[in-house]
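Letters A, B, C, D, E and F mark the chains as written, and numbering starts fresh at 1 in each.
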């Protein structure tokens, strides 16, 4: 009998973009359960609160089977173990991603050799896309409808109007 | 019920190194079945024949559960489909690997969107290791016992002695 | 009065892809005259002859205003001067391109400081696309209709059938 | 009749260096009008005020024909459109530049497909040169006369003396 | 008669790791005198004070012959000259290191052509290791005994307990 | 008493360029003895014979104290040991150099931990310069006087005239 496979997809998701959703959807085809885990980073407050980010993710992922939205702090490997997961999934867009991700993956393996990291290439059409660019464009009132789902676009607009 | 997950690990394996074996062993922990597939490339003859490479792989992998050794030619995506596999697994060592692998993964997705490619980081201790470096060192009679299993070391020595 | 601006777009074009055509079309919007110049490289024979490559380019570019198809050998800077051109245009897809192109551009500036090189980013959707990948896929009978125009697809099929 | 070509060269210019001036001078040979546009970034205050940077640029560029000094905030593509410009010009020094610039150029193309970005390689002798390194050296009283024009050197010295 | 050779190894060392110690030990085999120089950077306060970092280094290096621990501020090249040193030694781990280090080395050569910079490759097993990753792991109570000497582990634990 | 320090500078030197000479000259300031060692690579014949390359190097280096010209085949680490050398010196120009050199250095350390590799940055003005580019330019009759010493320029011209 084949055991169930669980993958963790950790990140900031401030906010979720079509690039993230492309990865989540592809991960659900391979893994039985995909936990999208928002990192609680007390150093960087971010644009959206952890709870807002989880809400935007939940709405964006509701049509995907086997996806859970969660949040964590502390060491990623401790979180992975607490969830009984087998694999960490990360997206790679560019060489600069690659170097940082390589260092993190090697570090995690030193601390938890049984936790495997799989890297997936971001689709070519989303290779330029990051949450920080989305935030920057939205802050100037620029168009983001090709970059994020409609409900995220609405949330961005509301966020930046209230800061005017 | 969870379906069986099959991963293809394609490569030249001329010859298999401890870097490859590290990846194969880690892949068997995640996938039910790992097919190590030697690429028949008629352009580059290589040091070992396809059959010799498969024999060295078979001996090196005999203690791993769920590993099959095979060979293929033509397009990788066609081979993956013919095996009913879900995932292609590739190792990443360095930035130069990354760029080429990124292009291949994007190209394969254009031709077969249902085939996913997962990249695994080579262990830090093997980040410099490649089959071509092993061949070069062995050709000068240098030490390769930290780089390949004993039976591959014997095969390398025999190969280079016969060419003297 | 503004002088006419001429750009040279040199390359192998073996064969022309949608990535090349995207760049040529964008260059025509900025320059009055764009000369697509096929490099005669006697070392590498290639799949298509220089004349075939020029023919495929001519058909692919017939709807663009201000484009000429040519071929050259020798030093690029000598060719640029002989055409009275102002600018060399090159496409960048990835870091590995970047390094080689940087070296060529600096070398050319040493020899001909008045010749400027402009780099244009390849569109995200074509970042994996190269003539060599197209040749490889076509050689195995794989699908290339998203990568090259129809008349190039026909020429590729003819080329590989005749070699069976 | 050939239309006039306008290029925008955006940046922080805090302060202008010989690397920037090399690029501006080369751009004026290709474009009829080059607008050097200082980015008003309210997040990072910088060493010189926007007005001081524009003054230093104006003095440095007074011998170049067709150069205008300006400042902008908001989205670059909105500014480019408001100026009726055709092209954004950016300098590339190194691989790390390249990746960030590639992402910005692809993002801008998503928002404004008619705005083209041209990259020019920084001259080899200036490949290490950045405004932040100039500021760092000047802050310790180190020599900057090979890196910036004399009037910028004077302005730097004054700035750091007043902060003692 | 051969003159004595002095090398400076500058850095933040906040705190010293096994990666630093590997480099220091290897440098002592080539140079008669190796000065490990902690950069006093008033902008970034860091986890350990400059004096604490020097203390941890002194204890870690006590078995190496010819090593001195020092601190400096201002321009590196001024410090090198003041010590009568011949060479600056720096470790390279990854491509991103490489670019930044290349720029610093070229900048330093512009200011002090007689000061040479030598780069040593970090051992493969330490390629992922940095002081900032050590700080991050220790801040979450994760294991660092493979990354730093025992007395540094103790100092880290004390530092993070006192901040609870 | 300080022991004599010997460095090996291995390479193809087909032919020697001003970039190589810049490195050799700088190495002689640090090391008592610098052995420039031409690699006998039977696979790639090259433009100049090993003896011609050594002759061009000898003439180019005659004003440098402590430089010897030699040739070697087999493993570099075996050659270094046979010479009683302490250090291998290599030049780095670009990221692509870096990756290959990193792999070679790590491999050599596996085989001979007592052999240290030092990397020196190529001067900014020579960052684009390679023997293969020199050969290519000379083959088309292009100018190489800024790239190689006069006697190498003469040798290149003779070589390419005789092949007409």
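Heads up, the rule we're going with is that a residue touches a chain if its C-beta (ideal position, glycine included) is under 8 Å from a C-beta of that chain, and two chains touch if they have at least 3 such contacts.
Keep in mind that this is a model prediction, so the values were computed, not measured.
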If you check the contacts of chain E and chain F, which chains show up for both?
B, D
I'd like to know which pair from A-B, B-C or B-E copies the E-F interface, where a copy means over half of the contact pairs are the same by residue number.
A-B
Centroid of chain B to centroid of chain F, CA atoms only: how many Å?
35
CA centre of chain D versus CA centre of chain F: separation in Å?
38
Where the centres are mean C-alpha positions, what is the separation of chain C from chain E, in Å?
48
Can you list the residues of chain A that touch 2 or more other chains?
95-96, 99, 102, 106, 124, 127-128
Touching pairs among all chains present in the structure
A-B, A-C, A-D, A-E, B-C, B-E, B-F, C-D, C-F, D-E, D-F, E-F
Which residues of chain F touch chain C once you look at their complex with the stated criterion?
94-96, 127-130, 133, 137, 140, 142-143, 146-147
State the interface residues of chain E toward chain D in the complex, per the touch definition above.
74-75, 77-78, 95-96, 99-100, 102-104, 106-107, 110-111
Which bits of chain C are touching chain A when the two form their complex?
95, 124-128
Which residues, counting only chain E, touch chain F once they are in their complex?
1-5, 26, 29-30, 32, 86-87, 92, 95, 98-99, 102, 105-106, 109, 114, 116-121, 123-124
